[in-house]
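Step one of this worksheet: look at the structure below.
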């Protein structure tokens, strides 16, 4: 069954077991579909608490001790500065030493070793592998291999191929949480009945066909009925059918659009993306007119006063630097949110999220 | 005098002084010949204790504090992922921050600096240099240079040229210890009179001519009279004469063999190695028939039930992945053993092995 | 106004505000001109205390906790091993985790991101950026950009273009302090009226035109009236006019010289530098006769008995290895001094220098 087509709430037991541990806690973090609403809410809250705790020196030191007895391997075969640094900073927040393999040409692979052997060797030295890899499905394949080994450690997918980037999706949804909820108190003591996304309109703009961040975020948003999604892209770069079918199955309202200025006025959040021309076969995207898919200065008057402007970065011209110091610009915050969310996720995987929760409630009177 | 020919128990005083400190404690770790039986036994015990202590969170934190006031430089001019990561993890186990120089092209050497100046500069910032280098004898030369300097720090050889790889040999012998001794209690309270290797047959298989791990391990095994060594390799890749002469001098029983299936039934341990064709001058090893020097599925029935299957990795076809989940496969354990053994060695160099011993006996009732 | 021409004591308020924080404490560290005498004295004292505290295990651990709640980014786009490792070690002394970006080709810049966006992203994950960059003025430009951002973190210039290298200048002046002051007690309890440089003659030798370390150090030395500077270089590589004008403005005695053996006998310190032929346009420096600008063995008899021999390293033939074990050789010490001075600077930026001072006076009876 194709990953994009399956219904995550009905994941066959066998697949669930492969990704969760015995207490139904996340073990391997591979797919956005693994996250149900309760878990998303929980991780957003842990991320929020981690951020507040880290702000005080004593709190930062408490966090620093949580995973000082573990070690992480960042296996980043595909170049990526910001995701790498974000995970690295998240490890540092939790006091977890880490190491990395970033260039497979310096590794033993030149001596003819299979990547499976490489991952297995890494599992001997480290307590978690955070992996970024150019091949779709590689992270999942490796998680399955690890499950058959005597020393089985968790694997976190930091982006695999064109398909999935679940931790990016989690930081995006955490950013939306922060934009849509009026107060810290509400974010911390989130009522399970409250759906922050109800009635909100979110536009995805740009290269929706080849950007994995939009795909992964769409999976997460199916957890929030009442949200309305606009996919704003030129015909050639529109979102793929499998995502639309997935949204329909969950009764998530969605529309295809072909002009940003026309719809920007309805949006509570706009998620800009750049053209991924590194995936072009023959420079075909160079001939596409992108003028209707850019957030330019001249449409500022149409923006809602509390619009959230997002972008996974790096950007090009689709997002005018004019907005950089506008309070509605949330794309810098996204970066920092990513650090806290990844720390929350790692804390959850190692079962120290409870300690963060306890620390928070014993030190802050919300 | 050639390193391979000299008798380590009779090392001239001058040479001993260069490698040991005033209390006769290891200072520079350069050659397998530096380790006598008492020291090997001691380090295996410290490695075993470190592993057990690290398993508990409080223990891991105790270890984390041992060398948090020191700093290590991993100077790895020759590419190596697994040895690098193993040392790196060992430093992390002991809480010692470390840094690395891995690609000499980004260093000041492009500005015309000698390697001797480079090492001397490193000695100003760090408290130990762990070095991997393509040139035979380079580590020893540098240790001698360091000895003449006002700020003299220890140097640990992480593999130099085709000659020596003493820490690999130490992890291998530690792996054999664990395989040959029936219980943890015995490993910890090892009777100095007890020789775990007495009556054991160990086969070395593959490219014995160019693999430095086999050379270094052979040196260590001379400390255990009663062991029997089989060197199983095609004529062109057989072990070199200097090693055989060294074994004879110590009365270690050894035989050259030319067919693994024929002898595998007698073995208590088999140490597989790959063909090091990167050292070929003109692809000559490509024409060698290796079928009699591989551990294949079809000879499984001949294996002793408690055979230890070892391999320094990376492997190719000489070791069938069929054995990967067999409990007799110890090659993954070797990796992890290496981390503990290197931690033990570093602890010894910095004189904190006593603290590990004390912690162990005060917390565990063996 | 050109940086070289401006009078740092009269920096316009606007510029001061850009580089200092509200308490007039250093915020961004960009230019040697930022350091006045009181601050230089203070930082030398903090460096000296840090070195002494770190020597005891308990002291090292105290230092280790000072910045364990912060994170540093070493953004080193220009290759540099020793400055990189020096800052890295300084971070480790203070317990501050750090990460690095060293090769811009592996970063998102290949996806078409501006360096300004890159720096802004880094500012989200880290608490300080330490930057080395090939472009003159880049560090200052970025500091100004950071000042306009909601999350503004300090930036430390680790060398930018051919112009400034303020932390190198600070380690050089700290090295001179140690050479010129007779006792530790004096260095620690330095009388503000006492000018250690009064009456001292310091010669700068070699490629003075293109070496930024000499430039930056000359700025600092204007803080010490009574010092006498000799610039000893072939015509083509002599110090540039702007530096001479700057020295004249401060009434610092200085002379151009063209023969080292002739003047070496008058010197209290000699600062050797290599020819920076990587800046040659067409190998022009290859034809310059450097024999009169080298510290060779045959002029040893002319050296003062307490001459301080310095060199920023790497060296070539201008500094004979013959002097390496001479107690007057201070070039290895410079390296280690750099680590302590950078730790002092970082401590100052984060306002924990007071804690170092307190710790020192409560533990040592000077």
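Labels for the chains are A, B and C, by order of writing; each one numbers its residues from 1.
We take it that a contact is a pair of C-beta atoms (placed from the backbone, for glycine too) under 8 Å apart; a residue touches a chain by one contact, two chains touch by 3 or more.
Just so you know, these numbers come straight off a predicted model, no measurement behind them.
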Are the chains other than subunit B still all joined, and if not, how do they split up? one piece
So subunit A and subunit C: same face meeting same face, with over half the numbers shared, or different? different
Considering subunit A as a copy of subunit B, what rotation angle in degrees (nearest 5) results from a C-alpha superposition of the former onto the latter? 120
Subunit A and subunit C have mean C-alpha positions lying a whole-number Å distance apart equal to 42
Would you give the residues of subunit A that are in contact with at least 2 other chains, written as numbers and ranges? none
What does subunit C use to touch subunit B in their complex? 54, 57, 60-61, 64, 79-82, 85-86, 88-89, 92, 102-103, 274, 278, 313-316, 325, 332-333, 335-336, 339
Mind pulling up the subunit C residues that touch subunit A in the complex? 65, 68-69, 71, 73, 97, 99, 101, 106-113, 117-118, 120-122, 124-126, 148-151
